[in-house]
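Chain IDs A, B, C and D follow the sequence of writing; residue 1 opens each chain.
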Amino acid sequence: MQRDVCTEPVLNSRGPGAAAITMAPGAGKGILARLDAGEVVIGDGGFVFALEKRGYVKAGPWTPEAAAEHPEAVRQLHREFLRAGSDVMQTFTFYASDDKLENRGHTQRFTGQQINEAACDLAREVADEGGALVAGGVSQTPAYLSCKSEDDVKAIFKKQIDVFVQKNVDFLIAEYFEHVEEAEWAVQVLKSTGKPVAATLCIGPEGDLNGVRPGDCAVRLVKAGAHVVGVNCHFDPETCVKTVKMMKEAVEKAGLKAHYMSQPLAYHTPDCNCQGFIDLPEFPFGLEPRVLTRWDMQKYAREAYKAGIRYIGGCCGFEAYHVRALAEELAPERGGLPAGSEKHGTWGAGLEMHTKPWVRARARRDYWENLKPASGRPLCPSMATPDAWGVTKGHADLMQQKEATSQDQLKALFDKANKNQ
Amino acid sequence: MQRDVCTEPVLNSRGPGAAAITMAPGAGKGILARLDAGEVVIGDGGFVFALEKRGYVKAGPWTPEAAAEHPEAVRQLHREFLRAGSDVMQTFTFYASDDKLENRGHTQRFTGQQINEAACDLAREVADEGGALVAGGVSQTPAYLSCKSEDDVKAIFKKQIDVFVQKNVDFLIAEYFEHVEEAEWAVQVLKSTGKPVAATLCIGPEGDLNGVRPGDCAVRLVKAGAHVVGVNCHFDPETCVKTVKMMKEAVEKAGLKAHYMSQPLAYHTPDCNCQGFIDLPEFPFGLEPRVLTRWDMQKYAREAYKAGIRYIGGCCGFEAYHVRALAEELAPERGGLPAGSEKHGTWGAGLEMHTKPWVRARARRDYWENLKPASGRPLCPSMATPDAWGVTKGHADLMQQKEATSQDQLKALFDKANKNQ
Amino acid sequence: MQRDVCTEPVLNSRGPGAAAITMAPGAGKGILARLDAGEVVIGDGGFVFALEKRGYVKAGPWTPEAAAEHPEAVRQLHREFLRAGSDVMQTFTFYASDDKLENRGHTQRFTGQQINEAACDLAREVADEGGALVAGGVSQTPAYLSCKSEDDVKAIFKKQIDVFVQKNVDFLIAEYFEHVEEAEWAVQVLKSTGKPVAATLCIGPEGDLNGVRPGDCAVRLVKAGAHVVGVNCHFDPETCVKTVKMMKEAVEKAGLKAHYMSQPLAYHTPDCNCQGFIDLPEFPFGLEPRVLTRWDMQKYAREAYKAGIRYIGGCCGFEAYHVRALAEELAPERGGLPAGSEKHGTWGAGLEMHTKPWVRARARRDYWENLKPASGRPLCPSMATPDAWGVTKGHADLMQQKEATSQDQLKALFDKANKNQ
Amino acid sequence: MQRDVCTEPVLNSRGPGAAAITMAPGAGKGILARLDAGEVVIGDGGFVFALEKRGYVKAGPWTPEAAAEHPEAVRQLHREFLRAGSDVMQTFTFYASDDKLENRGHTQRFTGQQINEAACDLAREVADEGGALVAGGVSQTPAYLSCKSEDDVKAIFKKQIDVFVQKNVDFLIAEYFEHVEEAEWAVQVLKSTGKPVAATLCIGPEGDLNGVRPGDCAVRLVKAGAHVVGVNCHFDPETCVKTVKMMKEAVEKAGLKAHYMSQPLAYHTPDCNCQGFIDLPEFPFGLEPRVLTRWDMQKYAREAYKAGIRYIGGCCGFEAYHVRALAEELAPERGGLPAGSEKHGTWGAGLEMHTKPWVRARARRDYWENLKPASGRPLCPSMATPDAWGVTKGHADLMQQKEATSQDQLKALFDKANKNQ
C-alpha cells in the first residue's frame, strides 16, 4: 500500500528544538470556521470504555456519574486526549438523561443536571488549557425505544440542552443514534439553540435499524439542520469510513452541503452485522484482542482524510495514544505534532534508544506498517458469529424498565441465548 | 475446568449495603507480617506501558521522568490501582538510575534523585489514602550489561536506595533482572537497609540468560537475603506461575524458607523463547491483540493462589481492571471486594441492566469463562516467530552507549534483521 | 442451525442387510427425465486437481492427456466417484481443445481427438458399471481470451463436440466460463446436437468478468438453449449456492424455466474477489488448509437442496468422500445410500468400533456438526489477500502464446507481483 | 531459513530430454545394502487414510480387507506411490491380524490370511514395475492392550509373518507400537525369519505410553534385533524428526549401530500430547485443515536428511504428491527425479504456463517457501485442546471386545466426554 504523507521536513522538525510540537492549531476559531477553512479537526476518544477499565464506570448501566463522583479521573482523561491532539473536548454526558439514569438503576446520588453541569465544567477547564473546543452531547433515549411520543423524546433532549446552553458549550453533538428518526428529532432540538450541530448515527453500510440507508439518513439529518454528519461507535474505522463515504455521496447528489465526521470504535469488527459490536459475543468484556494498534489508527486517519472526512475522532476503545496516532498521521496537513508526541517517535523512532539491538532494528516505518500482529491465542478464532436477535424499536424485548432485570427474566434470556447458539 | 471460589455469601454481600467493599484488608501491617499471616497481597500493574499509552512515557528509553514532570498523571494511575485492590504502591522509579537516564538520551531536565524523590512522594500520598504499602524498586542496569565491576553496579543501586531510605518506603523490590548474578548484588545492597526485600527475575522456565535454572536462581536469591522471590514481566501469567512453581520446589528442597510472588505481563506469550516478549515481533507497538481479558486474570489469580503464591500482581500491560479481577477472584480469601468493584458486577452481573436483551443474556459466569474471544484480524496469525539473536551480557551488540544509535548502526541492524527473517 | 434430514428409517436400514445401499437411483433415465421428476442428481468431483495430486496432471498446463496416457488412473477415479454416489461421469476432457493443448506446451504425444475419445470410453465404461450417465464437457478457450472471432471460437467447440456425438454421450456440459458471452456461444454449438445441455459459469455473486450479474447471465444462457444452468469451480459451496439462488430468481422472474446445478470447489474461499480462488495466494499449491470436511459437504448438500438446486456436484478439491457426503446427506430424498457407504458410518458411527474409548465418544452427529477444526498452523492467518490485477479478456497480459513464458517475461511478472504486495 | 539443495544441474536436467527422471535408484539391492551405502530410501504413504477417502476402508475398524475386496484400488494407490518415488511398497496389512479383524466387527468375508496374501501379491506386482522393495508389516495388537501373555501376542505376529515369508517379502517392518515392550516382542518374532527388520513406534519426544523415553526405546529395539529404528504415525514431521534425533543420540551413546527412519503424519500437530493425533478433537474426520503442503514436505525431507535419517517416508495423510515432494527435495542426493515429476515443475515451475499472468508470477521457489497458507476458516482456531483421558494398557476402558460398543457404553462415553470438555 502506498502512503503519501509524513514528509521529511515535518519529521525533521521534531529534533532538539521541539518547535513543531504545537497544540490545537485552530485555537480561537469555532468548529465551523475550522471546517470551512478545510482544517482537520481531531476528536477525542470514548470515555465510557476507558473509564470502565479505570474503575469509574459500570458496564451495563454505562452511566456517567463519574463526572460528579470522581472528577479527577474524568479531568485526567480529558487531559490525555488534549495532549494527544484532540481539538474537541466532548462533555462526559453519555446516557446522562434522567430517564436513562433512573432506568439504569443509578442510585441517584446525583441528578442528571448535576452530572451534566460537572461534565461541562471539566471539559471547559481542560479545553482552556489547550485552545480546544467544548462540545455538548446527547444520545438516543430509552424513551424512544419504548415508543414514547416525539414530544416526550424531544423534552428529554431539551432538558439536557438547557445545561449546555447555560454552560455555553461551543457546539452540540447528537450522537449514537440507531434510528435516524430519533436523530432528526435531536437535531431539531439542538438546532434551536443557534449553536453549530453535528449528528452521528451508530450505523454501518446497511443503514439504520429500520433499514434506512446511510445516504438517506445523511440527507435527512442535513435537512433537519445538522452542519456536520457522520457516524460514531458500533463499527471499526474501515467500516465507518465506508459508511460516511456513502453519506457524502448522497448528500452531494442531493445538492446539499455538509461537513463529515467519523468517530469509530478502536476495535476491529469485520464480523459485525447491522447492529455492530453490541452483537459480538465478546461485547463488552472480551474485546481486548480486537483493539487497534497505533499503526492501524494512522491508516484510518489517512483513509478518512482521503474520503473527505475532516472531523476525525474516535469512540469506545480509543485511548490517548490512538488519538495521537491520528494527529501524527495528519501532522503534515495540520502543520505540526501534538504535545504528546514529545513522548513518541514517529513510526517507532524512539526504539533507536532501546537496550536490545534487535528491538532497535524495529525503528522503521515499513516494519510497523507491514506487521501482522499475532493474537497469542491459538485456541481462539479470528472471527465470531454475532448474535442476531433481529429486534428493534417497539419490540417487547426492548421495552425499557426501571428495575434491574428479574431472575425470571434473566432465565428466559439465558434459555433463548442457548437455543440460538 | 473446575473453579472453586466466589461462593454465594460473598457475591450476595455486594447488594445495596456495600459493606463487603473494603480497602486494603491488611492495613497497618508490614509486608512480611501480611505474608507470614497467610494473607494474599495484591500488587499493582506496570506503569511504563500504561503511561506510554497515556502519553507520559517514551517507548525506547522507557524512563520515568513523568513522576517529576507530570505528577498528576502518575498520581491518577496509582489511585486507579489502589481502588482496584492493590495493597502495594510501587514507586515509579523503573530505569531511574543516573546511568540509565543519561544513557537513554534523557534531556536531564530532572536528575535521577529528583525523579526518585517525586516518585516516592506520589506513592506514599496515594498509599495513605487506602492503607497500602509503599515499595521502592531497583532494576537491572546498563552498567552490568556492559561488564562493569560488582562495585560499580552496587554503587548504582546504593544511590537509588539512599532515596528510598530517606523517604522511608515500607519495603524494597529488586525486579526485572535477566541475570541472577546482578539480582544477587542488588539484593545484597537492598538487604543492607534492614527493610524487607523482594526479588523478581524476568525469566521463564528456561532460566536466566546465562542458563541458570529458575530453581537455582531462587535458591541463590534467598541465600542472598531476599524474603520474597519470584518473577516479573517478560512472560504471560501462565508461564510465570509455572516458573515460580519451579522456584518454590527448589527453595523448599534446599530446606530454605521464602514467600513467593509473580507479577507477569498482561499479554499472552505462548510463542516466547527465553528472552520473553522483547523478542516478539509485536514488541512494543503491536501487542494489543495479546492483552488478557479480566476473565483470563481471574484464572491467573486462582492458579497463582493454588501454586502457593501469595504476592500476586502484574507488570506491563496491566490496567486497573486487570488488578481488580485479581482482587475479585480472591475476594473469598481476602474477605471482601476492592472499592473499584462498586463499578463492576462479578462475572458480568452488571449486564443485567443492559439495554439489549441478548447482552443481558451474557450476565453469567459460564458465558465469560468459556468465551474464546475472536481477534477480529483474519489476516493475522495466532503466534509469531520471536527474534532470536542469542546475545547477552558481554556481547558487543549489547554494549550500551550514551548517544542515540547512529544512522550507520541502524542500517547495520536493519540489514541483520532482514537477513534473519 | 437446524438440520432436518437423515431420518431414522434410513439410518436403521444400514444394518446387517445392506438393502438400503443402492446405486444410481435414476438408472435408465436421461438427465432431463430425472430432473423433471424432481430427483436429486449427484455430480462428480474435479479430475484435474485429484489427478494432479496422484501424479497424472501437471499444474500450470492442467491438460487431460492422462485419459490416453494413464487410463488406469482415470478409470479408478471414475470408479471412486461412482461408488460415492455420482450419477454422472463427466468425460475427463477439460482444456482438451487443440488450441489449449498446443498452447500449453503439451508435447503432442496425443491429439485432442485421441484424448477426447479415450476420455469418453473411460467414462462410459465406468458409467455402465452403475447406471450412471455420461456427460461430455467443453470449457472456455484461450482463443476467446485472445479476442478471436465468434466463428473461430465456435469452431473449436464444434471440433470437441463431434467426438462426443460420435461416442454418444448422454448429455453435454459447457462449464468453467468466466464470460457469459463465450458460454452462450458454447451453448449454441452444444444445442445443435439435440442433446440436453447444461451450462455453468465459474462466477460468484459479483457476476462474470465483464460485470454481467449472475441473474442476467442465467437468463442469457437459458435463452441460448441451456436446460440446466448454474455455476462451477472458482468459489466455495456457500458462495456457489448463493450465486445460483440469484440465477434462479432472475430466471423465474423472466418467466423462463430451467433446472439448476452447482459444482463448487471443495475449498473454503471467504476471502475471494470476483476472480475466485485463482487469485488467492495459495492457488494452486497451498490450498490444503482450506479443504472442506465431509461435514461441511453435508451442510452444502442440504443448503443447495433447500435452494432448489437438484444437480449437486463438485469441482476442484472434491474427492470421493466429499461426493459420498452429498449422497449421504440427501439419502432420505434419494431413497438410499451409495455403495461407498458400506465403508462409512453416518455421522461418524463407524467410530463406535474404535480402539480408544474417547474416540468412540465422537461417534455422534452433534460432535461433528459443531466441531470447529483447528488448522494446526499457529503462524498462519485465516484469510488471505487475493491478487487483484484487474485484467480480463482483451488485455495484453492475457494474450495467450504457444511458447512457455520467457525468462524476461517472468522477471517482469515477478517485479509486478512484488510491487503489488 | 537457509535451504541448500536443488542445485542447478539437477534442475536443468529436467528439460526436453527427461533423462534425469529415473525410478528406484537403488534397484536390485536390498534395504540394508542401500542404507549401508548411504543411499536415501523413500518410503510410501499411509494406505488406511488414503483409501478411506476413496471409499475402500472404514474409519473406526480401519481394517485392510480392500486388498482382497477391491484389489484395483489398492494396486492403483501402490502405483501412485511408486511413480512418486517410493522405493518401498509396504503390504497393505495394517491391523490384518485375525484378532483385530474379528474384534473390529469385520464380517469375515475374508480371513486374515487371505487379506495378507492378497496384499503381498499386490505390493510385489507393483514393486516389480519399478525396482522397488516389498516390506511386510505388523502392528500393535488388541491382545496386548487387553494384557494377553507374551506368548499369545507373539503367536499373533507369527501367524502374520508366515504369510510374509511364504510370499518372500524383501524385509519386515514392525510399526505403530505405542508400547516399546510389545514392539520388542514383534522384533524378536520378525528377526527369527532372517530378513532385515525395521521397527517404528508411534511416539513423540515424551516417549511411549508407559513413559519410556525415545532414546531408551530405540536402544531396546536395536538390542532386540532391529536394523532400522524410528517412529511412524501419530505426530507431524517436525515432531517425528525431533524424536528420531533423540533415538539416534541414545543409540550412538550406547555404542550401538542402526539405521534410522521416520514415517510421520501428513498433518500438522503442534498441539498434541503424548498420545498423538488420536487425541485431537479433529481425529479422524476433521483433519483437513492440518494437511501439509508439498512445500512443508520438502522442508521435512531436508530436516530428516540433516538429522541423519535415511529411510524417509510417510504415514496417514500422505498422498502421492507428498511422497514426490520428498523425492524432489532429495533429488540431488538421489541423483534424479521420480517418474511422477514429469507432471510437476520443481518449486512451481509448471505455473510458467498458467493462463493468468499473476499466477505465472508464482512460479518461483521463494514464493512457495515463504507462503503462510490461510485456512479460509475465520471461525476456527489454529490449535485444539487434545483429549487427555490418560489411560493405557491394562485400563478397563481399553479392554477390547468383539462386539460393537453398546448403546449404554456409548452413552457413558458421551457423558464422560461432555464432562471433560
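Convention: a residue touches a chain if its C-beta (ideal position, glycine included) is under 8 Å from a C-beta of that chain, and two chains touch if they have at least 3 such contacts.
Since this is a predicted model, take the numbers as computed values, not measurements.
Colleague: Can you tell me which chain lies farthest from subunit B, using the average of the Cα atoms as each chain's centre?
Modeller: Between subunit B and the rest, the longest centre separation is with C.
Colleague: A-B or A-C: which has the larger count of contacting C-beta pairs?
Modeller: When the contacts at A-B and A-C are counted, A-B has more.
Colleague: Test of understanding: which option in A-D, C-D or B-D shares over half of the contact pairs of B-C, residue numbers taken as the match?
Modeller: Same contacts by residue number as B-C, out of A-D, C-D or B-D: A-D.
Colleague: Would you kindly tell me how far, in whole Å, the mean C-alpha position of subunit D lies from that of subunit A?
Modeller: Whole-Å distance between the two chain centres: 57.
Colleague: Which whole number of Å gives the spacing of the CA centres of subunit A and subunit B?
Modeller: 31
Colleague: Using mean CA coordinates as chain centres, what's the subunit A-subunit C distance in Å?
Modeller: From the centre of subunit A to the centre of subunit C is 48 Å.
Colleague: At which residue positions does subunit D touch at least two other chains?
Modeller: Residues 271, 372, 377-384.
Colleague: If every chain is a node and each touching pair gets an edge, what shape is that graph: line, ring, star, complete or other?
Modeller: complete
Colleague: Sort out for me which residues of subunit B touch subunit D in the complex.
Modeller: Checking each residue of subunit B against subunit D gives 372, 378, 381-383.
Colleague: Write out the stretch or stretches of subunit B touching subunit A in their complex.
Modeller: Contact set of subunit B toward subunit A: 52-61, 72-73, 76, 79-80, 83-84, 104-105, 142, 145, 236, 267-271, 278-295, 319-321, 324, 339-340, 342-345, 348-364, 368, 371-384, 387, 389, 391, 397-398, 400, 404-405, 409-410, 413-414, 416-417.
Colleague: What part of subunit D is in contact with subunit A in the complex they form?
Modeller: Those in contact with subunit A are residues 271, 377-385.
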